[in-house]
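Structure incoming, see below.
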Amino acid sequence: MVVVLKPNPDKEKLDSLVSWLKSKNISIHAVTGESKVILGLIGDTSTLDIGMLHALDIVEDVKRVKEPYKNANRQFHPEDTVIKVANTQIGGGTLTLMAGPCSVETEDQIVGIAKAVKAAGATILRGGSFKPRTSPYSFQGLGAEGLELLKIARRETGLPIITEIMEISQLPLFDDVDVIQVGTRNMQNFNLLKELGKQKKPVMIKRGMSATYEELLMSAEYVMSEGNENVILCERGIRTFETYTRNTLDLAAIPVLKKLTHFPIIIDPSHATGKSALVSDLAIAAVAAGADGVMVEVHNDPPKAWCDGAQSIRPETFTELARKALALHEFMKTL
Amino acid sequence: MVVVLKPNPDKEKLDSLVSWLKSKNISIHAVTGESKVILGLIGDTSTLDIGMLHALDIVEDVKRVKEPYKNANRQFHPEDTVIKVANTQIGGGTLTLMAGPCSVETEDQIVGIAKAVKAAGATILRGGSFKPRTSPYSFQGLGAEGLELLKIARRETGLPIITEIMEISQLPLFDDVDVIQVGTRNMQNFNLLKELGKQKKPVMIKRGMSATYEELLMSAEYVMSEGNENVILCERGIRTFETYTRNTLDLAAIPVLKKLTHFPIIIDPSHATGKSALVSDLAIAAVAAGADGVMVEVHNDPPKAWCDGAQSIRPETFTELARKALALHEFMKTL
Amino acid sequence: MVVVLKPNPDKEKLDSLVSWLKSKNISIHAVTGESKVILGLIGDTSTLDIGMLHALDIVEDVKRVKEPYKNANRQFHPEDTVIKVANTQIGGGTLTLMAGPCSVETEDQIVGIAKAVKAAGATILRGGSFKPRTSPYSFQGLGAEGLELLKIARRETGLPIITEIMEISQLPLFDDVDVIQVGTRNMQNFNLLKELGKQKKPVMIKRGMSATYEELLMSAEYVMSEGNENVILCERGIRTFETYTRNTLDLAAIPVLKKLTHFPIIIDPSHATGKSALVSDLAIAAVAAGADGVMVEVHNDPPKAWCDGAQSIRPETFTELARKALALHEFMKTL
Amino acid sequence: MVVVLKPNPDKEKLDSLVSWLKSKNISIHAVTGESKVILGLIGDTSTLDIGMLHALDIVEDVKRVKEPYKNANRQFHPEDTVIKVANTQIGGGTLTLMAGPCSVETEDQIVGIAKAVKAAGATILRGGSFKPRTSPYSFQGLGAEGLELLKIARRETGLPIITEIMEISQLPLFDDVDVIQVGTRNMQNFNLLKELGKQKKPVMIKRGMSATYEELLMSAEYVMSEGNENVILCERGIRTFETYTRNTLDLAAIPVLKKLTHFPIIIDPSHATGKSALVSDLAIAAVAAGADGVMVEVHNDPPKAWCDGAQSIRPETFTELARKALALHEFMKTL
């Protein structure tokens, strides 16, 4: 950690800072520049509150040198994490295709879509049962009943299922789910993250709409710090000034997160763009950039979808997308 | 609601849309322009899923005319909501000064600060017991014990208390709290909002870091739709590209929200800027712009605060700020 | 255009609006809803100032239905624009590889890099002579001398050259340049755009750091409205809250712009990310998403580059990138 | 400047970096931490290209300690800059009220508005003659003729005039203008800034829509580095995700810029919000926060304004605003 002092710091205050740091077993290396003094702090600075240092009268700036995440840091965990999910895996060179409707609606709907996406090459079935909706007057999902329908679709197709949890009390209902999804709006629901860290099911964390890479990794760190190493990260678009698309898909997240961490990275172009016509091109781009998989909303009749129809593609479009994505994924290995 | 059709829409699909809308008791007024047809939809369009319309092949765009919030809409509730809190009130021409430490640390600390801010003119004591921290390795708050210390401070000073809830299961602990705060990261924790709607205590909702005014109002709508009309809105800075301040305080929120809704508006310059030196000027600006109050972090020894010391001001600075804010609030009435 | 009226509009003001619109040969179709009246305006609304309508007391909102750009609109110009540049072309199914240093430095440097990128498959040589630098104390480019060095490199390699113009008075110097680049900071330098519209050389417009797609297209419209149809659009990252990368590359721009307009789209991952290690993965993603080309900074000795060394890749890395990009571009045609 | 090295840096490369820095008369203080080495660089680091250091294989991060602006830096210029404009001044404890129409339209219009705003207390007349408009089909301003009309209005009222320059070749026309405005879209038109630095008239630089404080100060530095110290800074809203207002007014700019620099700060709530109903509240907030003045669009008939009517207030509203602003400014001195 580097502490930049204000010009001509009060000597008494500086001495007090130095003794306090020494009492924490931090050693200090002062570098005196022309107009400013900087202090290099050596030792376990992870317990120092950066805000506390900022609050000191004599301090102008504090710059962290070490990343604040440990378990999630590739530096201390160089090999890729590969997540086993039923008879498939996420990461480790495979291409995961998660597909399914925004919301589970009926048995016919979910089973029908599941069969279609399985036939196309999907490896995991997605479907929302507990739906975070901006309006209290919108359909809120089928809840527990939706989870049962997802399990029926799994039984019929063999596809493992991923679905979103919205709060801790729902956790027992997710006992027989294959991957638990933490949505964008819950990325910093720290209590929920801790509880998910206490169980062993894989957890896919979606990046918050205005979360930095570092914050996303800190959320993964919350899960890992409680003992669960089965974390998957998902980029699903960030909020910017551009309103033509619902959000701005940040594909740099793929090489950046591959460098910073060891978790698999999934890209969700459906939520990122909010427009079905853009989904395929961006899913393909994600595969080319090295994503471990994509998550795509598929609905047999988008205009009648109970939510987010505008971003859902039809099964036949998904079939085409999956064909291209899988072929591209193979081709990329030959490059 | 206005639906813009693509040029030369397929006739069959258009007929199907029209019959479906009619089945929902929506009447349709078509306006044929040079290159495009627009449909004006009349009736209860609040149940129409805008996404569904967007998903139709023949639809180019859908523009909402009515606000999606009802109970929170000033149009249907013209008079200001005034919130009674113990022996004081929020809104209705008063200036509420919420002050206190980021975190409750010890009895001495919270009682000392409470006495100081009360003497300065604060009307509500703030203090965090359950703390949402980006890092699992940071101090997470005293929890239930902190709530007890807050109550002691209340007993000693008579100041009602506001503190943050992080998840539903904590609700019983908040039985004897005066105002329940929903933090930025939980603004769209819809399950929590619904539960808070089922009880009667005032709820202060902080705007999410990348939440629009409309989304903030929809969160208030969640609380109101369950029966609780005691909602307070808090602007605490939004996330932008500027990194000098932690967030960008959006004071336009005051006149905008005053127009759109009837709830009291509180401004939090401490979290917005993350820098104690900026707090007073922005608190004063908020009062001038017509805020119903400000929320300010005050700590007797900011560098030793267990969290967010960099943005906390000292009691003597708060005393000065409160004096100015109250005088300005009186002066503004004379303008 | 759709005008939403406030509830219970003043009758006299409404009549006045209606007569004014009729005097402009706009016909009006009123649709009366439950709480609001909307007016559909038919006729040549392109001359109506949307702000003027917004300014009326009785108007709540104005929503445009038609895009404000005409020449740039694919609806009125369905076929792709293909730009001829010397012996090559941009668009029309080709993959353009623009490569070269941020700044032209010396003859040896630019000729050396030009030869290297030509050998790797580059089709256009880039190199800055007039450099927009945030600091007046940074190297500002070689100016006219740099243009001469670029021409030498062109003579040596046969590669056409693209370089940035910073203001109108430089235009005569660009007489013998192949493609004129308008930088991010000049995207809305409307006087410059008009002048570039009066000549015939191809103009590549880089998207402003916070420009919407529509604004980018309006800048292209400025060039076209003066008679020059040789426009190329370049996405180079937008400014968001994320600071790990310099900007956030918005690859959705490719399918979006392909839909809205007929111009070729080039992607610049070097400026978007500011980090050489991210350039190749994002260039590859851009090709997969359907970009007409990529623009990449290449320097023989990045640490010694006179500007932006951090984002420059070495010739050997570019060779590898070009090989992959060209192979991928061929492969994509087979999908 | 602080350079953070990657773990286990290549010794040869490190030696080469060290010798190169020494050749630049930079002395180096290495601080060896647990996992990383940081180098503190002492000497004139202003000539070091930060990007060059970033580009080195062995470097992980570079953190600047000194601000990159010198002349604009309050640290080296502690006293406030006060700008003399005709018989008035900007800064130095006064409150400057700049008011007038978006565009100069006719002699009657500009003289009428000038008289009205002068009567209300305005000290400077604003009015656009060269207008940067997003669309080539919108009114582009009266040009040179508008400047003449502004001068007539000045003669009639005695109010000095401020108006926007769009490119260097217009400079001779601005010979008899009192303050030259550089618009948002030209904040980083560095050639223009340099030319404005070579003359002596005061220059008001509006913050770019996505410009950081530091970038705004670097633009001021461009003007100063050529010899003109008469710079005024103007905050006019930044672009964020919120679309209800046109931009987000960042009032923290006032205390932040007051700390970092010595220039007067003007706030423009008209462009920031794009909505006339919000202008007064935010102008008042700006005065309370310590702004040196506000710039407000005033039009005698906003719906008929040739541009930006939606954000213009009427003279009678301005009279009320000016009365409040001036009273508040006096009151603030008594606090």
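For clarity, chains are labelled A, B, C and D in written order, and residue numbers in each chain start from 1.
Everything that follows uses one rule, which is that contacts are C-beta pairs under 8 Å (C-beta built on N, C-alpha and C of every residue); 3 or more make two chains touch, one makes a residue touch a chain.
The shown structure was predicted, so the numbers you read here are calculated from the model rather than taken from an experiment.
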{"item": "Subunit A to subunit D, fewest steps along touching chains", "value": "1"}
{"item": "Neighbouring chains shared between subunit A and subunit B, ordered by label", "value": "C, D"}
{"item": "Chain centre separation in whole Å, for subunit D relative to subunit B (CA means)", "value": "31"}
{"item": "Computed distance of Cα centres, subunit C from subunit B, in Å", "value": "38"}
{"item": "Separation of subunit C from subunit D, taking each centre as the mean of its C-alpha atoms, in whole Å", "value": "26"}
{"item": "Sites on subunit D at which at least two other chains make contact", "value": "210, 239-241, 243"}
{"item": "Residues of subunit D that touch subunit A when the two form their complex", "value": "2, 4, 7, 29, 31-36, 38, 40, 42-44, 61, 63, 65-66, 75, 210, 239-241, 243"}
{"item": "Touching residues on subunit B, where the partner in the complex is subunit A", "value": "46-47, 49, 51-56, 68-69, 132-140, 166-169, 185-186, 188-192, 194, 209-210, 215, 218, 221-222, 225-226, 239, 276, 302-312"}
{"item": "Parts of subunit D lying in touch with subunit B, wherever the complex brings them together", "value": "210, 212-214, 238, 240-245, 248-252, 254-256, 259, 272-273, 277-278, 281-282, 284-290, 323-324, 327-328, 331-332, 335"}
